[in-house]
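The first chain written gets the first letter, and so on, giving A, B, C, D, E and F; residue counts start at 1 in each chain.
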Amino acid sequence: MTRILWINPVGTDAYDAPIGAELRAEAAPGTRVDVCSLPGAGPQHLEWNALEAVVAGPTMGVIRWAAEGGRYDAAVIGCFYDPFLRGARELSGSMAVTAPAEACLHVASTVGERISILVGRKKWIPEMHENVVKYGFADRLASFRVLEMRVEDFQADPEFTQQRIIAEAEAAVEHDRADAVVLGCTIEFGFYREVQRKIGAPVIDAITAPLRYAEFLAALGADHEWHTSRAGGYDAVAPRELSWIPAVEPILNVDPR
Amino acid sequence: MTRILWINPVGTDAYDAPIGAELRAEAAPGTRVDVCSLPGAGPQHLEWNALEAVVAGPTMGVIRWAAEGGRYDAAVIGCFYDPFLRGARELSGSMAVTAPAEACLHVASTVGERISILVGRKKWIPEMHENVVKYGFADRLASFRVLEMRVEDFQADPEFTQQRIIAEAEAAVEHDRADAVVLGCTIEFGFYREVQRKIGAPVIDAITAPLRYAEFLAALGADHEWHTSRAGGYDAVAPRELSWIPAVEPILNVDPR
Amino acid sequence: MTRILWINPVGTDAYDAPIGAELRAEAAPGTRVDVCSLPGAGPQHLEWNALEAVVAGPTMGVIRWAAEGGRYDAAVIGCFYDPFLRGARELSGSMAVTAPAEACLHVASTVGERISILVGRKKWIPEMHENVVKYGFADRLASFRVLEMRVEDFQADPEFTQQRIIAEAEAAVEHDRADAVVLGCTIEFGFYREVQRKIGAPVIDAITAPLRYAEFLAALGADHEWHTSRAGGYDAVAPRELSWIPAVEPILNVDPR
Amino acid sequence: MTRILWINPVGTDAYDAPIGAELRAEAAPGTRVDVCSLPGAGPQHLEWNALEAVVAGPTMGVIRWAAEGGRYDAAVIGCFYDPFLRGARELSGSMAVTAPAEACLHVASTVGERISILVGRKKWIPEMHENVVKYGFADRLASFRVLEMRVEDFQADPEFTQQRIIAEAEAAVEHDRADAVVLGCTIEFGFYREVQRKIGAPVIDAITAPLRYAEFLAALGADHEWHTSRAGGYDAVAPRELSWIPAVEPILNVDPR
Amino acid sequence: MTRILWINPVGTDAYDAPIGAELRAEAAPGTRVDVCSLPGAGPQHLEWNALEAVVAGPTMGVIRWAAEGGRYDAAVIGCFYDPFLRGARELSGSMAVTAPAEACLHVASTVGERISILVGRKKWIPEMHENVVKYGFADRLASFRVLEMRVEDFQADPEFTQQRIIAEAEAAVEHDRADAVVLGCTIEFGFYREVQRKIGAPVIDAITAPLRYAEFLAALGADHEWHTSRAGGYDAVAPRELSWIPAVEPILNVDPR
Amino acid sequence: MTRILWINPVGTDAYDAPIGAELRAEAAPGTRVDVCSLPGAGPQHLEWNALEAVVAGPTMGVIRWAAEGGRYDAAVIGCFYDPFLRGARELSGSMAVTAPAEACLHVASTVGERISILVGRKKWIPEMHENVVKYGFADRLASFRVLEMRVEDFQADPEFTQQRIIAEAEAAVEHDRADAVVLGCTIEFGFYREVQRKIGAPVIDAITAPLRYAEFLAALGADHEWHTSRAGGYDAVAPRELSWIPAVEPILNVDPR
């Protein structure tokens, strides 16, 4: 059994149950997915980098808690900015950690060659583009396309959202020569199957892909000891510093299976 | 159950049994791995690109055969030059196809940040470097390091080979600031566990990583319809052209399980 | 006298005579150009990479034959994907080998600065883009433009083809700021003079440019011993491996002069 | 008069007084520099990214406080990782914000062409390299060189530190062809004048350069309205979200002048 | 007091007075700006690189004169092609030298992230693009936009010019996702304040930005000895060669203050 | 017959006769090569960019003279910095113009894959590197290697020079994995044949390669109208501006044949 913790790094549990349900429907048979958000009230989304900063500390705390004593085999930081992935890996021990952009881009660049990412607002693009560059996929990027929607809009009127995603995904294939489309926000969940049926090209979902990538990484660690390397930039935080990063136990939406 | 075909794209079956045994030991519980090489006598290895050319046609034929009627869920073209991966994907239908360099680099760039690839001879580097660039990992490349060994040497004196790999892997971490090491030839199989124990950093094996990546891609296809995109450069070969690429049934080293 | 072999790497001799006539009209006075295609029936064009794979072996065989005993001073592999150029160079001894994309891009990037390549279908772009990157001209690329024609269409209705090429070439200069246009398929032969007259910018022809580049390389070899280097990735195939790559004597369309 | 706030984004005020003294000695005549660290106990340095995460929230709070009502003309986030620079700019209104790596690289790439950065430990390199890439100076980077010292070592034995810096700076010029050297940690303060005298090439100091760059940016804003653009990735945090980022008043080391 | 020499590297003094007036209005309080053009009749603008070549020698002569005996603290070569910046720096001793493209790009890439440059004619773009690449800002470039105006047109009908600049600047923000706009010719002076008010994003002026950057560099040299490095490509011209580059005393438009 | 003008862009005719003799020995049978330097006394070499600036105007004048009335089919600006190649092309009409770095890099990147350039002093590298980037060969660059010699040293003690070139060329192949070596100064003439015999890899000569490339470009222009494009950055200087660039008739070292 693979135990995965999906962290919604926000100060609301509003998405925990629906994302938990989706993830459990998409997971491999032997996977158990718990979902949590951050304790206490806090930002409802991370559209601004300053909001990421606010949730940074608690997110590290949850990662520490998740890694302690092998509680989880893998954790996902559930925001497409992949916030604090380096910090999380410094704390993760033998637990795998991944995040949506990393996972989606690895998958998309394997099933296709040119990738379009559908974001809510153009504000998001520069920070996300930095990640595309960092992961190595800049030359694979066909385009960012803007849905002109905010995070909170995606689940408000699903039919409208789906229509918008289809329109931009089709334009990405037609005009930008993309052959794979990535949904650039975790809250765009629930749409990918219908969209890829419509456009005839793979649409990589920002919660499903990291879930599956987390399972994959967990298996690589368990079976081949291919854990996060400690020989370079993911050097583990020295024990003497760990007191500054206390473990934070989140309220869990537990996998009922 | 996931059915995977590992193709040794050479004209000798000498490696089919030992690679089959290794792969089955490393595979996920539900995976069945058949191994084949190419029918008839042919090149014993692909150190030169001209030898790749010679096996290109038969390799395509085996891919066609493997994809027919859903015989396999995934195939791996088992040479670190990733020969004809594009052609194979044009023929693969809903079967996943991958190859060692692609798989190893995706894994290595996730568990680490700077990658060294250990090759046999410096002759190999330019073609392999082209693939590193193509897949997007050029900025992650710490170094190529040369073992000064030929393909046929790797299994001839395993102790010597292991010693050489350890020496260069250590130098890669120490001098090139690599934090992940990739073994740049499938015939370097059998060494990675011991080497990574010695050097304290992940060593990605050129048969195990593509096997696991193939399983992963097969699952993504089966569960999410994330198959090879047909909207761009992996456009499927038109039916009218398929007669030029007849299916080739290989002699199989069948998974006994 | 410079003896050049133009290889149409396809299984039809339909283009041998017309391409031979064009090449002889464009060649330097002292050049003799023989043209051949591959023995036996085979793919009529190489629009898919899997078709390239099918002709790979025979193409290597023809290269070996051409290089034997100094039969030719230079050979051109006549497809804009530049298939197996590395393999051919491993086999070529002191014979020069080039191919259309390489030759066109060197010429275009000297007479101009920003290059547009006119391809038949968008399917061709990713593989051709890999070559543009490999040769170093990615930052010079203004655009790929798609004629929406198949290889077999180019010579079927020349007036229509010319119209399409002019339209896209003009758009390349106007909208993409190209100042040199490359015809991205050898079967687009016969049009460049008229097109460049119309658009007022150089249009580099995919058979003429490699012919002239082959003459140039042959002269560099003969006069200055600037042959293909054997010190790196073009290391010659070891003699012990050559039996896997038997020479293939093609049916020649001989230069009548 | 230009009012600048230097933020030591750590949970100790140990460096506030000495850095304040240095900064005031280096500032323009009309500049007043207050220095602060973060309220409460916290990480003593940010060698690990997870420690950056812990101080992220409070740092944003201090930025908000500094920008309120035009308290400061410019702020500097005083760590060479340039942590949360994007978030800070989202909150800064018309106050300028900069950070050491950004400032040092702009200066170094103007007075020289190839830059070496002297870091404490190799662990720091990957995150800092991401910034070098992001700011556009990857092709200017001659090398990172490792002093093999921790942050807390730099001021412990100044003579030793200076010796180490001179040794690596000289090697950077000699072996890596650097013509400008950057000190890659703010706590390497106090050494640059002596080092550049010894090596005969500019040595850019990680507190002096951002101070001067902050003054420069403040002047550009005041005189030409060249403030942080709100048209893209530095879009200001929406008012409705600001409650998640409460202003934090730090304890100040006030400029006595 | 900081003494700056602005060189209009053309053979007309028509712009000396108006540019002088603008510069003095934009300079820091303690700055004195003299303006000169080149002695004798010569090109009225440098739209073609061949015209730059014609003024190259005299420009070097003026730089020598300016640097002699510490006459000026900084000089600006006032053309957006940044002509001969390297040569000028070889001759500048402890005087700072900068030029418009360098200065504008450093400023624009700090106040924004994606930059559009508004040029007069598309002819200018390739040479300017070379500078964008050289300075490191290629990945920050949103677009070049063409005003379809010649240098001599900019000040002929200011209202029309302003209208054109506003139109293209707005399009840059809207369509190219620029968040900072650079005016790509020094003769586009006098418009930036109104334009940036209209478009709501910073518009970096090609005379003001280099003036301020020159002041900044002069301060860095005076206060911190961060002068042009002599350890690499800015190696000073050897004394024995200086006779080939005689000092040229220009006719000055002297700062009346 | 192809008429080529080789311009030594310096104020001494000391190299005209020996370079003329070398060029005529290396040229194609139908080529006539005249050699000239610049009228009047001037810099003896162009090691500093400021010296290039001094000869810029006269060089343009000679180019104008050479292009007038079809005097020459091609001209070479004989310095490895390729000075003013853009300006020369703006003036060249249907005459081809090239320069050593451009020509050597096109040749070297075809006969090999990784290139080392042997320069006299490290001072030369940054400007030459800019050209390597501009022409597209940055990813092909194995290394610059420094001979520690000045231009005037190369022909002073030929035996010593040859020894130095062989030593660095061998090191380039051995340590930097170069498979082609370029001599990075025209005054390194006369050595390439012996050096390449010794090291067993092609050594591209800085006068022979541009001569042959010039012949090649002349043929492309004459036979296919592939002249310098006027559609972009090589836009011809407008007639109204030509009076600023008067033709300069040089003193010729005429091909005696």
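One rule holds for everything that comes next: a contact is a pair of C-beta atoms (placed from the backbone, for glycine too) under 8 Å apart; a residue touches a chain by one contact, two chains touch by 3 or more.
Everything numeric in this text was worked out from a predicted model, so none of it was measured.
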Touching both chain A and chain D (chains): B, E
Chain at maximum distance from chain B, centres defined as averaged CA atoms: E
Where chain C and chain F are represented by their mean Cα positions, the distance between them in whole Å: 28
CA centroid of chain D to CA centroid of chain F, Å: 45
Distance between the centres, which are taken as Cα means, of chain F and chain A, whole angstrom: 54
Distance from chain C to chain B - Cα centre to Cα centre, in angstrom: 30
Per-residue multi-chain contacts in chain F, two or more chains: 113-114, 122, 125-126, 133, 139, 177, 232-233
Touch relationships between chains, expressed as pairs: A-B, A-C, A-D, A-E, B-C, B-D, B-F, C-E, C-F, D-E, D-F, E-F
Contacting residues of chain A [partner chain D, same complex]: 11, 42-43, 47-57, 59-60, 84, 86-88, 90-91, 122-123, 125-127, 130, 133-134, 232-233, 235, 237-238, 241, 244-245
For the chain D and chain B complex, residues of the former touching the latter: 122, 125-126, 133
Touching residues (chain side chain B, partner chain A) in the complex: 26, 28, 98, 102, 106-107, 109-114, 135-140, 173, 177-180, 192-193, 196, 200-202, 204-205, 208, 212, 216-217, 219-220, 223-234
Of chain C, residues touching chain E in the complex: 113-114, 139, 177
